[in-house]
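Right after this note come the structures.
Heads up, the next two complexes both have chain A, just with different partners, chain B and then chain C.
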Partner chain A sequence: MSGSINNFIILFCVIPLAAGLLSVPLVGRSFPSRVIGTLSFASTFLLAVYLLIQGYADNTIYVSYMGSWTAPFGISVVFDNLSGLLLATASAVALGSYIHSYSTNASHIERGYFHPLIQLLMFGVNLSFLTGDIFNLFVSFEIMLMASYALLTIGASKKQMSQAYKYVMLNLLASTIFVIAAGMAYGMLGTLNMADMALIVKTKLASGEGLPVGFTALAVMFLLVFALKGAFFPLWFWLPDTYYTCPISIAGLFGGMLTKVGVYAVVRTFPLIFTQSVADIASVDVNPTRTTILWIIAVAAAFTMFLGVLGAVSQHEVRRILSIHVISQVGYMVFGLAIMTGWALAGCIFYMIQHMVVKCSLFLCCGIMEKHAGSDDLDKLGGLLKRDTLLGVLFFVAAMSLVGLPPLSGFFGKMVIIQEGWNNGLWWLSIIGLATGALTLLSMLKIWSYGYWNPEPKKYPQAAKPENVKSSSRSGYIGIAMLVVLALFLGFGANPVYKFADRAGEQLVSPDAYIMAVLPKERIKLVNPELAAKLYDGIGHDRMSEPLDEEPMIISASYNKEVHP
Partner chain B sequence: MTVVLAVCVAVTFGVSIYMMLGRELMGLAIGVFLIGHAANLSILAMSGSPVIQHDKAYQTAEFKIPPVLESDQQAKDWSEAQLIKAEHPEQDVVNPLDEMVDPLPQALILTAIVIGFAVMGFLLTLIVLTQRRAKTLDVNELAKMDLPTPSQAH
Partner chain C sequence: MTSLILKTAMRLIVPLTLLFAVYMALKGHNEPGGGFIGGLIASVSIALYRMTYGAESFDKLLPIHPRILVFVGLTMAFLVAVFPLLFDRPLLTSYEQYLNLGFGQTVHFVSAAIFDIGVLLVVIGVSVGMIDRLSREVEK
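Our next item is the complex of A and B:
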């Protein structure tokens, strides 16, 4: 049954790609491109939710092999709970900001290939959430980054052009390091398939042979690349300067999603490969790479959380406050990673998805605030609660979700992470996390009191009458409202969401299920017969009951066709 | 061969890092392009020595096996050679893998080159547009441009 579902997962890449290509010839006509774009995001969202629920019920990981080449030789596309949660949220965020863009995008931006670019961005993002191959991850990062470079400079204003080079150059440099690291990983382990790498690392640890020389250095290189994309502590300097220059719906999408792709890459690869837990291997005390990397991540988390929020408190423009806040919030996710227990990773994943939704809706609120005041400088804002009560309510809910007041979504993410940190000897990080939460409240209240409670300044531009702004940005309100409702669902429905996140965390810390889902039995037997015996013991049906073939693996097309007719 | 490659990689890295330390956007771009080439060369070194200890592939924990053999027949030959070798270690069996270099890193490089080419095109366009809009390519001047003015309120 799951065999038929397996091939559906490639639709997450095909739908945005097809929609993007379709909207290229329609570039001058906004209505058809909007319909295509909305349908594309809505369909990937519904598909992700369906597959997530189905996969949770069946307790399976969906795997699709491109061109029927089995792992580890072909590219495999893997849909587990982590991918599912992130795909659903990314599509929802894209849908929200896309609907918002109807009312806020200038026409020259729409004509500048906005629709195809945003679809291709989502194509890259979805592929990087799905792929089970490190080099394919690099390729999908490049697809995503090319689209993001173009979206960042769309319209080509002076302000954008003078800041864009930082983002482009740094990401090019990171991509180069990624290529080198991927090559080194291949040289060290002889494979680039993530499941296969995990299996080999596990075997090397279990056999007492130990990890290859320079494995920690390799892990640090990967960490450097992903940390730069995810804006971890020493590598976040590019973010505040770039996110505030582009059109607001794009800024919302970037602020919500792009850094999370970097965090996702760490969440995917590190527990699986580099910092694999050795708790179930009796002969090994501790994975030496794990200890080193977790310390680096813990220190990065402390600085990311605290310096990020200090930066946000010091700013006085809404867009820059929100941009720098992204960094501070990434810090919580990194904190969850530094603990790296299953429950902490569940907290980290939950925090990621809630942050994508909430941060994007805050950026989108900022877009309508700018429409009212003509600027995002807090001194020029004021009286918005009276002028636009609906916006005030939406902003308040989103801001308090970000801060993490109890019934709202941010609370559940932070609570789990901080509690797990406290129980696992990282009490100093938990204290920093709590302090950061207080400062987050301060900076959000700053926007709230300046923008919404302060008396209205005398010099609001005449053109922006409240009624005009409201009537011209209906789709903006719809976009924000959708995301805020989703954020409320994440808060009040945290229990079911945490079931998925918990399963995802379990799948991450004990990669056996992932290895078993992706790799064919023959490969596991070849590399690690004991593990194969353990994994397939008691399952004894169809493929597993075949006799153990003594002939060595034939690694060619014929072999693959035999396994997957 | 590996030494020659290593020297090439080192020199290319050195030049590109020197170029990237400059304060001019064009030089920065050239540095970024060169470092891409250095990365590709360093991956080439990964495929340098032909195939590692394939004869022990299914006995020890050494895993590096090139994923491609030329044909079905060759694959069968190889597996037969393995069996003969395992039974009679003293016998000299011709093994196709002794002459082959692992082709996968070259495929990786090819992908990276193509992507790098596209990115290069984009970056050059970006630089031309930056020059037109901002009238300068000096990083110091660009950095001063359009920074938000500190608020007077406090």
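Our next item is the complex of A and C:
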């Protein structure tokens, strides 16, 4: 049964690509492109939810080998719980901000290939969540970045251009380092398939041979690349200005999603490969790379959380507060990574999901606030609660979810991460996390009191009539409301979501299931016969009784069997 | 540019380069080459033609907007990639067939070749389109 599902996981990439292609000839006609785009995001969302539930029930990881070339040679595409959760959330966030964009996009933006570009962006994002291959991860990052360059400069105002220039340059630098690092990884391990890398690292650790020289340096290079995309300290300086200038629905999508792709890359590759746990290997006490990297990540987490929120408190424009907040929130995810136990990773994944939803809805609220006041400067805002009660309610729920008020979603993410940090000797990070939470509340209350609570400023009369704004941004409210409802679900339905997240965390810290799902049996037998015997022992005698292949079909360039008889 | 030597040479160079592009694109399945390289070579020859004879003769040579080439190429590549999904095979799976040409000759045909031709069209469309657009700005 799962055999028939396996090949269809690539639909997460095929659907946005098809929708993007279809909307190219429709440029300038908004209605058909909007229908196509909405259908595309809605269908990937439903598909992700369906596969997630199905995969959880069967406890399977879906794998498809592109072009029928099996791992570790071809590109494999893997759908596990982590991918599923992120794919579902990313599609939901894209859908919300896409619906919001009906009411906020100027017509010149729609003519500037907005619809195809946003589909291609989602194609890249979905591919990076699915791929099981480091080089393919690079490719999907590039697809995503190409689309994001174009979306950032859409409309081509002078301010946008100068900000986009910085963004493009930094990302070019990061991509170059990524390719170099991938080349080094291939030189050290002889493969770029993530499962195969995990298997070889595991074998090298267990056999006592130890990791190759420079493995920690390699891990740091990858960390640098992903940290730049994910805006960790000290590589976050590009972020606030970038999200400040582009159209609001794009800013919402980017603020919600793009940094999380960088975090995702760390969550996927580090527990699996670079900082693999040696808990189930009796002969080895410690993975030296793991110790070093976790320290680096812990320090980065402290600075990211705290400096991010300090930056946000000091700002006086809504968009800037929100975008600098992204950094501080990323800090919590990095905190979860620094602990790197299964449950902490579950917290990290949950936090990523809720943050994508909540942050995007806050940005979208900011779009309608700007429509009321003509600006996002807190001095010029005011009286919005009276002018637009619905917006006030939506904003309040989203803001309190971000802060983490108990029944709402942010609370459950922070609670797990902080508690797990406390139990694992990172108490100082937990304290910083709590302080950051308090300051987050402060900065959200700042927007709330200036924008909604205060009376309308007399110095800057708000030109737009409330009725006009409301009637012209109906789809805006629908988009925000969808995301806020999802955020409420994540809060009140945290239990079922955590079940998926917990399974995802387990799959990450003990990668045996991942390795077994992706790699063919012959490959595991060739590299690590003991592990193969252990993995296939419980499955049934028919698979075990098959004779070992006389001449193994799958040979790696660098992994020499004679060295490890 | 109005050099007579260049114009005369172009009559020979353009068809030869286009032929070479096709050759590169087709041999790319098992050897160095492929749709991307072929597309680049072809667009070099088209760009040279445009430089020599000017924008009007270029419009005659390529009466459609290069954007359409991109669209057609992407669609071809996309359809070939998706086709195996209908038969429950992974994306991009290639089908191969030995076509009999008669006279004892066969051709090894693979469906990946159509994908490669799609890539070729995309590369021609993008590079020719960009060169054309930029030179129109300069010529203004």
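The definition used in the following text is that the second predicted complex is superposed on the first by the 542 of 565 C-alpha atoms of A that agree within 3 Å, B and C clash if a C-alpha of one lies under 4 Å from a C-alpha of the other, contacts with A are read in each partner's own complex, and residues count from 1 in each chain.
Rule of thumb we're sticking to: contacts are C-beta pairs under 8 Å (C-beta built on N, C-alpha and C of every residue); 3 or more make two chains touch, one makes a residue touch a chain.
Because the structure is a prediction, the values reported are computed rather than measured.
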{"item": "Fit-or-clash call for chain B and chain C when the two complexes are aligned on chain A", "value": "fit"}
{"item": "Chain A: partner with more touched residues, chain B or chain C", "value": "B"}
{"item": "Which superposed partner A:291 touches (first chain B, second chain C, both, neither)", "value": "neither"}
{"item": "Partner chain(s) touched by A:207 [first = chain B, second = chain C, both, neither]", "value": "first"}
{"item": "A:468 touches, of chain B and chain C: first, second, both or neither?", "value": "neither"}
{"item": "Partner chain(s) touched by A:18 [first = chain B, second = chain C, both, neither]", "value": "second"}
{"item": "Which of chain B and chain C A:389 touches, first, second, both or neither", "value": "neither"}
{"item": "Partner chain(s) touched by A:320 [first = chain B, second = chain C, both, neither]", "value": "first"}
{"item": "Which of chain B and chain C A:176 touches, first, second, both or neither", "value": "first"}
{"item": "Least C-alpha distance (whole Å) that remains between chain C and chain B when both complexes are overlaid", "value": "8"}
{"item": "Of all residues in chain B, those that touch chain A in their complex", "value": "20, 25, 28-29, 32, 35-36, 38-40, 42-43, 45-46, 52, 57-58, 61, 63-69, 71-72, 75-76, 78-79, 82-83, 104-105, 108, 111-112, 115, 118-119, 122-123, 126-127, 129-130, 133-134, 139, 142, 145-146, 148, 150-154"}
{"item": "Chain B-facing residues of chain A, complex", "value": "72-73, 135, 138-139, 142, 146, 149-150, 153, 156-159, 161-165, 168-169, 172-173, 175-177, 179-180, 182-184, 186-187, 189-191, 200, 203-204, 207, 209, 245, 316-317, 320, 377-379, 526-527, 551-559"}
{"item": "Residue ranges of chain C in contact with chain A within the complex", "value": "71, 74-75, 78, 81-82, 85, 88-94"}
{"item": "Chain C contact footprint on chain A (complex, rising order)", "value": "4, 7-8, 10-11, 14, 17-18, 21, 24-25, 64-68"}
